[in-house]
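Across the two complexes that follow, subunit A remains constant while its partner is subunit B and subsequently subunit C.
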Partner chain A sequence: MNAEIRTMRTQAELALLDAFANHKDRLVGARDERVAAFKKFEEAGLPHRRVEEWKYTDLRALMRDAKPLAAKPDAAAIAAAREAGRIAGVDARRIVLVNGTFVPELADTAALERGLTITSLAEALVAPGNALAGLGRTVQTNDVVVALNTAFMADGVVIRVAKDAAIERPIHIVHVFSGREAAATFTRSLVVVEPGAKLTLIESHEGAPDVDYQVNTALELVVGDGARVEHVKLGLEGSKALHLSSTMAAVGADAVLRDFAFMTGGAVCRNQLFIRLDGASTQLVVSGANLLKGRQHVDTTMLVDHAAGGCQGREKFKSVVDEQSRVVFQGKIIVRPGAQKTDARMATHALLLSEEAEADNKPELEIFADDVQCGHGATAGALDEELLFYLKARGIPAKEAEALLIQSFVGDAIENVAHEGLREALVAATAQWLQARS
Partner chain B sequence: MPMLEVKNLHVEVEGKKILNGLDLTVPSGQVHAIMGPNGSGKSTLAYVLAGKEDYEVTEGDVLLDGESILGLEPDERAARGLFLAFQYPMEIPGVASMTFLRTALNAQRRARGEQELSTPDFLKRVRDVAARLHIDQDMLRRGVNVGFSGGEKKRNEILQMALLEPRLCVLDETDSGLDIDALKIVADGVNALRAPDRSMIVITHYQRLLNYIVPDVVHVMAKGRVVKTGGKELALELEAHGYAEYREAAA
Partner chain C sequence: MPAVQETVEKVRRIDVDQYKYGFETAIESEKAPKGLNEDVIRFISAKKGEPAWMLEWRLEAYRRWLTMREPHWARAEYAPIDYQDIYYYAAPKQFKAPKSLDEVDPEILRTYEKLGIPLREQEILAGVARSDGSGGARVAVDAVFDSVSVATTFKEELKKAGVIFMPISEALREHPDLVRQYIGSVVPITDNFFATLNSAVFSDGSFVYVPPGVRCPMELSTYFRINERKTGQFERTLIIADKGSYVSYLEGCTAPMRDEHQLHAAVVELIALDDAEIKYSTVQNWYPGDSEGRGGVYNFVTKRGDCRGKNSKISWTQVETGSAITWKYPSCILRGDNSRGEFYSIAISNGYQQVDSGTKMLHLGRNTTSRIISKGIAAGHSQNTYRGLVSAHRKATGARNFTNCDSLLIGDQCGAHTIPYIEAKNASAVFEHEATTSKISEDTLFYCMQRGLSEEEAVALVVNGFVKDVLQQLPMEFAVEAQKLISISLEGSVG
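And then the complex of A and B:
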């Protein structure tokens, strides 16, 4: 049969079509980009399991409906978010987005360091001139979730770090969802770190535990030649949330980009990373830790494009999967023709704490240069009984012994975080997760 | 009452019978050596005492201070004062030695209803014990046993033993893999722990260790049971004549 099969629109797809038609007035700025992006969604629909990149996370099936676009937060929501995202031991400049909206009174933009500018996306979208030059062009992708983000982006943070400015104090973009009514937020942030500059960027997501809100968030990160950037994401969404996150990073020559994601929250989470190395001799470290329980589903899908040679890429992910949870990792490394002397290594390890826990892993290498070193490795297994016995024989009770081994398993990934305060906070957060488990 | 009483112990692993009606009594304050051919079940006995899961006790009992410990978890046995120095100590990458030692010590103290040790007290104890066993502080900054040589791992077992101050010490071939100087250091460490309220079971293949740690009683194990018990001269006899006679006796 050759008949053209048009799949019926799902309820969520219909709601998205509706939202775009009815809220044009609220979707300010970037008119042409929004329309073009939405067209991609209209043509492809929500990604499903026959779309290779979404093989293990069938969004069409998982996303039962599309929540209404979140309204601007009221005074109560703003007041409730005042302390959100504070991390013990880390003195960061916090910029809080409540229900997807940049809230000026919760943005610590006082006494900005020389060379640092911070504005809201909503403001930048309507500003004259080219405040947003480059938005949407950091790394091109046909991904529909990114397209939806472009179509509906309401607010976010625009950060620029001028050439050679070393910003020592971390900047923390805090995303909070508050309120009893489920809603959808679409945030887009653009962070440009000019050549020779330095920045530690924290991104966190949290929200009400019993509301099935939906988050579609995207970050474009431009790392100039010789710049050093660390991006640490904390995924602490409420337990019913749908979290779709896209990070697009373009990295220049002689630069260092460290990216870390720590995921413990949310019902269904997708972290997608699109990273392109445009200049030689750059060091890329992408890693993360997923601590999952219940029926959580967390998918990390990463594309690292070595467009230039002589770069070192290190990807390491550690997942602890308990009860009926599921972790997915898809990692694709492309080495373009001429990207000689590329040195890329990718490793994923899953610790399965229950019979029903699941880990799916799909590494892919596409290598078009001959003088490269590329490899990947993956393991999935239970805790080592012999090691547990050794610890117990020294008087350490079973749960504590397990916690020690799990902590060290996860710690191996956390070591990749360069910022000491953050590293300690992540170790503490892991201990807290383990404590809640026993 | 003896510290340890093993009565008619029968043990199977994966359906295979390994201990076969073993009897052993160790009074308080004594050091007992256990010798015997490879595969006779010495390590199995040690593991069963410590509470390893894969071993199924089909008959008999193990009493510590007159109470059966077979229903206890390994950590509960440790808290009651039982310590096994492993024949093959494990490497635990990512778990810092100090964290491991402190967690173990405090878990045992908690289980016994004692106060946890303060950080300075704990550090002082570790420093003292490490110095006595000629263990470099730098080694304790690594993961547990990570990158240790065979002999260093054995010395680290004795360090744990000295720190935890158990009442019944089971040493499974602690001498194997030690050079002559290390053997002396370990033996001194063990001897320093000899006390009227502490008993030891020393499993070894070599009479040499028993020159340093002089046992009160020597047992010969073959085919999963104790086939001969004697004084320290029994070890010399075994050194001279081997196990031929006992292999047959047990068959």
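And then the complex of A and C:
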């Protein structure tokens, strides 16, 4: 059990080593950072179940191979992605990344509001000056998936919102994979919201249903003092996709950050959140809804680091797991020494709809300050028979009664989305998922 | 609550970081050569007059141990342990199994007297006032001093009921088949680094067998005492409750104050067959080290219960106040249908203590239920971690778990951590988990102090209320002791 085991490199690891050796000279910019990050991967390999943070998502086993790096999209791929990601009832400024590449003709950058700048990462990487100052330093982590993203990052979106600029129209970064051949994309976005500014950021991921493409995407989010940011992520990947996503957010004082993730797509998904609260009196709301079926595996791993006191953290996750799917939630709240008056609550609930479904929860608290109120709750279970009976007794068919209860179960998390149009779109998406189920 | 008042007075009488069990007994002892090798294991086995298969078993464990690495996943930091700098066997000199208490070295008897452990039959544990003068519950005690059991009381009376209660070394001679059938069946020799080490070198411990349908007529108790310098204690306890039987077992432990660290790596195995019930209570009060974090016992213990039969029940109750480092996860394997596991824990850390403790509830059978109540209190510079696993196997339909783990922080230099793992692989499983961490509210303290309590009294009152759920699970004799212990452990942490 505790015996020393030397592991062989897997096929995927070998392919990644090859890819870096062959492409490192063609990957533009941030050369030192790329080399340093790749070294981390070389030393640690892909994360496996003996790595505590990856205990339930053994990437070594789940990632059988590493696909070749995606090529620039051709005209057909771009044309196919033209309408991608539109959300009914939400008027957003769409910026579409096709196969991991920022496509200027699909980026709605006309008539930008005052104080808003949008560029592509590829452009920023080669631009003179310090357009990317701070990239990779928002929240430091030793995570290997983040390191791989840094090593291979090809493109992404760089958004800056100047001090006190209130951007009312949401910005929507659409990631589309429209290739017919499996490939790997590495996208990295940097969003800096300066003090007092306001932004609603939507991030969506979709792709071909029958291609086993691989996505490694990262978002760095800097929220200045007094800024208000809402980040909503829609994970609608194709059913064979591997989706690895890391969000790193550093939040200042008196700010508000709301983060929501809605996951229904992909074969294997890992949603990592690394959030650090650097200033006092900030309000953080992190929540999500996972709707899984088939053999889907979705892992949400969240680290909330209360480095400053007096902040309020609210984390709520709801998961519905059907058929042979598996949901994983690992949440860790750290309250640093001196972060007094922290008020943190984390709740995670899983609804198991099938005998073969699985829910693994690990809500952690790590507390080094005494004057705090912290708590977590976790439940896992089936639909309440009594509630079902109540509804059925009133003439509602079983399937419908189930759907109603599930809808309300998930709705509890969706309520945390502040943007009304988005909230309605998520409720509709839930209903659609339920319809497809019955 | 009159007991609270009593507690507070007790606290007053004792100075800060005064460990009242820290004395040393001057007694000559016989030791195995320092260090660990196959000869030392042969020496221990020969000393105990064990059957050949037992020696083989030990050697197999030892060889396995050599290939293992010490685990470091627990939230505890300590200097590397030199396993060759420990005596693995120490026994009072000229020790041969005494026929009666009169043959036991009076020094040892005085030691136990000082610790408040009665070895004279009919006596009762200290701290329980009996106003009506009646005898109340009697307790049979097995006293383990370093590596050997020095006395076991009430043997005759237990024998009448058919209950076997004796040192495991004696059981190996008198009931080898019974021991062979069950030892290692819950904690196999390959289980983990410390359990494997224990399997190789365990010296003594208690053996309990309760025959079918018997309700053990009294509480059974083992009192462990480390006395020698540089000695590790590796006891092994094996309790078997046969069909339809019931037994309640208590365990207590102390050690002298030393500026070196001592290793305690015990293994406890419980087996409950159909309809049987085992209640296991521990008051762990090993020397925690001084106020600077020097010395103290490393308590690396593997405790596991196997609800092997239908409708069986195992309940663990622990009050952890001692040890420099505690690494302990009393667990239940809920194999039998309708079986039940319970874990009630109070873990208190002060000074530089590090506690990483919790439980595992493995639901394998149908309609199995479990309940976890854990109360952690951290003060001083200590770190207090709850780590627990609740899992339901695919076939464990109708599994139910309720977990509540609360932490209380006293002072801003300590840490309290909660690391639960909840794995549901069955749709009909219902798992509920809740945890909170907070400090004693100013309002509550103010309320108490306004009514004339001093701050220390107020804290004691709140803490006693905080841990009440667990204290209620302890047998009465232990509950009173435990309550005092809690106040003493927290003393000096206010203000």
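General observations
Here is the rule we use: the second predicted complex is superposed on the first by the 431 of 438 C-alpha atoms of A that agree within 3 Å, B and C clash if a C-alpha of one lies under 4 Å from a C-alpha of the other, contacts with A are read in each partner's own complex, and residues count from 1 in each chain.
The criterion applied here is as follows: a residue touches a chain if its C-beta (ideal position, glycine included) is under 8 Å from a C-beta of that chain, and two chains touch if they have at least 3 such contacts.
Here the structure is a predicted model, which is why all the values come from computation and not from measurement.
In the superposition on chain A, contact is made by A:L387 with subunit B only, not with subunit C.
In the superposed model, A:V28 lies in contact with neither subunit B nor subunit C. A count of residues in subunit A touched by subunit B and by subunit C gives the higher number to C. By the touch criterion defined above, A:E366 lies against subunit C but remains apart from subunit B after alignment on the C-alpha atoms of chain A.
When the two complexes are overlaid on their common chain A, residue A:P397 makes contact with subunit B while staying clear of subunit C.
Legend: residue contacts after superposition of the two complexes on their common chain; A:E52 is shown touching subunit C, with no touch to subunit B. By the document's definition of touching, neither partner reaches A:A418: not subunit B, not subunit C. Of the two partner chains, neither subunit B nor subunit C is touched by A:L17. Of the two partner chains, neither subunit B nor subunit C is touched by A:A71. Subunit B makes touch with subunit A in their complex at residues 50-53, 73-75, 77-79, 83-84, 86, 89-90, 92-95, 99-100, 103-105, 107-108, 111, 143, 160, 164. Partner subunit C is touched in their complex by these residues of subunit A: 1-4, 52, 337-338, 340, 350, 352-382. Across the complex, subunit A meets subunit B through its residues 385-387, 389-398, 400-401, 404-405, 407-409, 411-412.
Of all the residues in subunit C, the ones that touch subunit A in their complex are 67-71, 73, 190-193, 394, 407, 409-439.
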